[in-house]
Amino acid sequence: MTAVTPRGAKPQKALSPRNIMLYGALIIFSMYYLLPLYVMMVTSLKDMAEIRVGNIFSPPVEVTFQPWVKAWSQACTGINCDGLSRGFWNSIRILIPSLIISVSVAALTGYVLACWRFKGSEVFFGILLMGAFIPYQVLLYPLVIILRELGLFGSLWGLVLVHTVFAMPINVLLFRNYFVALPEELFKAARVDGAGFWGIFFRIVIPMSLPIFVVSGIIQVTGIWNDFLFGVVYTRPENYPMTVQLNNIVNSVQGVKEYNVNMAATMLTGLVPLAVYFFSGRLFVRGIAAGAVKG
Amino acid sequence: MKKTFALLASTSLISAGTAALAVDLEVTHWWTSGGEAAAVAEFARLFNENTDHTWVDGAIAGAGGTARPIMIGRITGGDPMGATQFNHGRQAEELVEAGLMLDLTDLAEAEGWRDFVNPTSLLDSCTIDGRIYCVPINIHSWQWLWLSHKAYEDAGVPVPTNWEEFIEAAPALEEAGKIPLAMGGQPWQATGAFGVMAIALAGTDAWKAVHIDQNAEVAAGPEYARVFEAAAQARAFAARSNVQDWNQATNMVISGQAGGQIMGDWAQGEFQVAGLVAGEDYSCLPGLGMNEIISTGGDAFYFPKINNPEVEAAQLELASLMISQEAQVAFNLKKGSLPVRGDIDLTAANDCMAKGLEILATGNILPDANQTFSPDTQGQIEDLMVEFWNDPSYTAEDAQRLYAEIIARAD
Amino acid sequence: MSSARRARDGARPPIRLLRNLSSKLAAIPMVLVGLGVFVGGTIWTIVHSFTDSRLLPRLNWVGFDQYERLWNTRRWLVSIENLAVYGIVSLVLTMCLGFFLAALLDRKIRFEDTFRTIFLYPFALSFIVTGLAWQWILNPEFGIQSIIRGLGFPNFNFDPLYNPDLVIIGLLIAGLWQGTGLIMVIMLAGLRGIDEDIWKATRVDGIPVWKTYIVVIIPMMKPVFVTALVLVTSGIVKLYDLVVAMTSGGPGIASEVPAKYVYDTLFTRQNLGQGFAASTMMLVTVAIILIPWAYMQYREKRQ
Amino acid sequence: MTNSISIKELKLAFGAVTVLENLNLDVGQGEFLVLLGSSGCGKSTLLNCIAGLLDITDGEIHIQGKNVTWEEPSKRGIGMVFQSYALYPQMTVEGNLAFGLKNARVPKAEIVQRIARAAEVLQIEPLLKRKPGALSGGQRQRVAIGRALVRDVDVFLFDEPLSNLDAKLRADLRVEIKRLHHKLKNTMIYVTHDQVEAMTLADRIAIMKGGQIMQLAPPAEIYNRPVNKYVAGFIGSPAMNLIPGQLDAGRQHFDTGRGMAHSVQGYDFSSAPVSGPVWLGLRPEHVQAGALAQSQPVQVDAYVDMVEPMGSDTQVWAKVGEQDVRFRMDGQAQVAIGDTIPIGFDPARLSLFDKKSEARL
């Protein structure tokens, strides 16, 4: 067969009715999923005159990269006309510490809950899980107060803290489920070998947990990168992430809406998480199988 | 001129003689459309040129509804900006009461704001317990109907001169494939348009009874019934304008796709950016041509308290600059709004602006809804209006009944 | 598994609190977040929902006034109804579509990786991006409607974002587009966990494939469905960004949702008390869904 | 010389559930003790308590004369081998062996030396650079034993080490463990549910049930003189026939009341015999059938129900009266379903248990 290596029984004839239905369905659904990407792409490569007269599905008659250039470096918000570029670097500066801290905290907490339970740890876990269901809006205001009291409001670290807090429920759940499924005897062996809480974590557990770190990492990269609400509420304009900038550009209509620039900006904003998915999709599926399905 | 101004500003403000250190002053606002951005750039230019400080622009797109929560969050969260826009009125009331805003009274008295601010009611809405906390910077009046000459020429009917003619001409426009009334989908636009119709059709007294005395009986009465009927009519004429933002709607008028738009004078800036000439390419009818009046809404700047004398000095310099003659002229010409000073001569003002100034001079003024209602009441009215405008089966009677209920519990 | 001991003297039990000390130290973030933010923030919110706080929180009690007003507000009622409709439909469709796609991918097909990536990639995009893209496609002047009219069906109407009766469909199209990928991956992982022998057995027994899925496979995947259910439900309750990006609640108030009501009331309308009352009601709704589930889980553990 | 391991009044409870209670156990120096029982009997739990992997609720644990009740597992002087091998998958075999030594800050040169020695003993030198994933089950378990070996400790703990292996490997490695014990002469505690392992390896076997030790004795005694009905039924394959009936103490006569009755004269009563309901235990291999029955003190007739020829011997399911009795015959014996043949046995090799207390009479 191909490099895809499906398991089990041998494939049937290529054009059996079964296969026609199967691939037909797959292709129809693929069109639904690819349509927006296609429309965004072709629109971003047209100029406005062509957009006004043509239909949105037709490929560009004359390909122009001007919308991309404009979205990246010229689009205006108020009197700042430096496009998404500023937001891109802000997003990177927000993403890296938030990613590292939120994943580390979640992994460590999951490790405690899976391997070193103490009286009451399950109760706290329950509370944490409830947190996954609390609408963010409910906590926006209390968090303003908490950040104010900590003196972190408006700073990058305040935002990092917020991302860490809201990442905890679902990521801790993933890590805990994954760690619980690791063979218990490994922990016992390591303890007999004299490894303690941290020794086991760093030397035994982490090296075995690449898939779940990938899953958590991907969820966090997309979550943090795509966040709009926290970025806008808990930072100052000079720290605005790319999504906020995208929103600003899209909503700062000057005269007519420049759909091509909007689409280019939209695609630029989605580029980082998309790249992450395309490059680690396989690991993601594996990690999901290990972390989300069990327990 | 600039030099003298700067000198004057620095002597009058920094009395103790502390050397002014350069401060990066962050200013947040929600001016992001073409005309707005050009206007705010004037402030930034003057501030950077005339002082040692730097204007850090904190534009937040998506109108006041998006921007205000962020501003308030920052102020209450202990990370205040140097200065921030609010509308005239009650939006910042509680922030002032909580002691989060800088008291500008000394500056205002030293410069004699009360002598030149016109109308003085603008300064009153900055005043809480006798102290002044904000700088009014412009007057925006909602009371305009903008009309596209091109659209009416295409339809072969004369450009209307009042609301009644507008209604009469509407079918002709529809026949010509035009949308008689352009209307954005955002709630505040429906609410604003309704307010304009209320003043124009129900009359000043009824409007005052509802807005200032919060008289629910008047709101349920026959004068307002007329307004709701007219709104239902307007709704039908606006049914096909599938746009969200106000300036997209304005753009329909500019391009002649739509006959007219009820919108505040900020729309002026868009006509100007598009290179259209008032009186030739478009007309403007204050008070829908029925009741010529200017409502004195607009924007004011507040200066959150920052416990740093250097920043405070910079804030006061900015406050002083914003209300200065030079800045008022530069800003308002670009913005299409009216200046808050009675002592400047806007020779550069175009046809529509001049009309506004004239009405202002005659004293035919009313406060803005933002000044009379709390944001909460205003929000409830918006909910009602946006539903009414978008649902053709919603009757005028039902809407009026609910409107009266909101007025009855307004605060 | 149990605890790390710190005692120097192996003969004597260590102090209770110090047992498992590293673990307890490592749990501090969880305790702080759980108690400090989730519980603390929730209690704070509930307490203030009984006050007349406006722009700033203050403890001026007004009893149930805020709730009374809330349930007399048309926009809130519409929001609740929208969320219920959107929630149920999207829950059912997400699960069905997710499972269906996973089953297709599990049929030993070629290019599985490609198809899976296609179905999953929207999940990488934010709701803001999703909303903008679909807003553009569903725009009646440029999008599907105009294309189909151009193909010779001048009376074809499909403008869900401008039609109050259809706007939920517009949201669903975009929401499903964004959300089914993840559920598909979870379902696929579940399907892969099922023993190949089960398939052999059903083939020997001559049970048709579709029936095997319904009768044999789905019941075996209960834990997977529970995980998926939790993820989808928690996402639905928070539905906000998509609405803001696609419709801003319009046309009119036809696509308002509770989370947006909360946000608008809290921050734009500057009526904290009312906003907190609405968020408390959202919490209550979540609790009503969640408590039976948590109880079931607990009981299962006991057995 | 003190005991190698001494457990006093051990109690382990999780909340309201008591898992182990009043447990006392002494293990001599160099002794090979097997903890035997079916799953859930508490044998692994007890081993984990000894290892320090579970906090006990009450009692004391001494290893090599030192009270280690609250000591870290790594400081108890034990090595442990697990059922799933529990090798660290990301480390090489060498890394696995060195991990504990590094944690204990053993000098590098000595680590190398000890690994070399253990590898030699276990014949795993060629595997040292490989990762566990590249090893077979048998090899993995050798490495796991090696990991205990390099620790240079007095006590080895085995937690069902052979259960994951196939039958042949299991037998091989069993012999190897026995050889290892013979060579090293360490104290070993070995948990298993496999009675063959227990019988072949143990100096003494502790049979556990419900968190208690039922009988602690050398294998032969466990086999010949089980202290109660449970132990009797647990040890031996095929299992002992346990036949309910009445004991007449005076006549030393046993009667099922269902067609099987015979004398038990010659039975070695532990205490004065009392009449009443009893279980009679008769090991299948102690029954002589056919011609051989005549040599036995007690003889009855049996109706053959089912025959299982195994090659070396033949297992027969038969009825004595209405009572099922299972026994073995020589592999060459000619017997068919439906035959009635005489069977005989020696009451001295029987076991009698009180019906109520199930204790040996």
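Every chain is named by a letter (A, B, C and D) in the order it is written, and numbering of its residues begins at 1.
Everything that follows uses one rule, which is that contacts are C-beta pairs under 8 Å (C-beta built on N, C-alpha and C of every residue); 3 or more make two chains touch, one makes a residue touch a chain.
Note that the structure is predicted; figures quoted are calculated from it, not measured.
*Asks:* Shared touching chains for subunit A and subunit B?
*Replies:* The shared contacts of subunit A and subunit B, listed by label, come to C.
*Asks:* Which pair, B-C or A-C, has more C-beta contacts?
*Replies:* A-C
*Asks:* If you average the Cα atoms per chain, which one ends up farthest from subunit D?
*Replies:* B
*Asks:* Per the centroid of Cα atoms for each chain, what is the distance between subunit B and subunit C, given in Å?
*Replies:* It comes to 39 Å between the two C-alpha centres.
*Asks:* Quick check: how many Å separate the C-alpha centres of subunit A and subunit C?
*Replies:* Measuring from centre to centre gives 15 Å for this pair.
*Asks:* Quick one: subunit C and subunit D, Cα centre-to-centre, how many Å?
*Replies:* Inter-chain centre distance comes to 54 Å.
*Asks:* Between subunit B and subunit D, tell me the centre distance in angstrom, where each centre is the average of that chain's C-alpha atoms.
*Replies:* Distance between chain centres, rounded to whole Å: 90 Å.
*Asks:* Spell out, as numbers or ranges, the residues of subunit B touching 2 or more other chains.
*Replies:* 69, 73, 76
*Asks:* What are the residue numbers in subunit C that touch two or more other chains?
*Replies:* Residue numbers touching two or more other chains: 1-4, 19, 263, 266-267.
*Asks:* What are the residue numbers in subunit D that touch two or more other chains?
*Replies:* 53, 72, 75
*Asks:* Which chains touch which?
*Replies:* A-B, A-C, A-D, B-C, C-D
*Asks:* If you look only at subunit D, which of its residues touch subunit A in the complex?
*Replies:* Residues 48, 51-53, 72-75, 78-80, 82-90, 99-100, 103-104, 144, 147, 159.
*Asks:* Quick check on the complex: what are the subunit B residues that touch subunit C?
*Replies:* So the residues of subunit B in touch with subunit C come to 65, 68-69, 72-73, 76, 91, 93-95, 98, 185-186, 242, 244, 374-376, 378-380, 383-384, 386-391, 402.
*Asks:* Could you list, by residue number, the parts of subunit B that touch subunit A in their complex?
*Replies:* Subunit B residues touching subunit A: 26, 28-29, 31-34, 37, 40-41, 44, 56-62, 66, 69-70, 73-74, 76-79, 81, 245, 247-248, 251, 270, 273-274.
*Asks:* Going by the contact rule set out above, which residues of subunit A touch subunit B in the complex?
*Replies:* 76-80, 140, 144-145, 147-148, 151, 153-155, 232-234, 236-238, 247-257
*Asks:* Quick check: in the complex, which residue numbers of subunit C touch subunit A?
*Replies:* That would be residues 1-4, 19-20, 22-24, 26-27, 29-31, 33-42, 44-45, 57, 101, 104-105, 107-113, 115-130, 132-134, 136-137, 142-143, 146-147, 150, 177, 181, 185-186, 188-190, 192-193, 196, 199, 223-224, 227, 230-231, 233-234, 237-238, 240-241, 258-259, 262-263, 266-267, 272, 275, 279, 282-283, 286, 290, 294 of subunit C.
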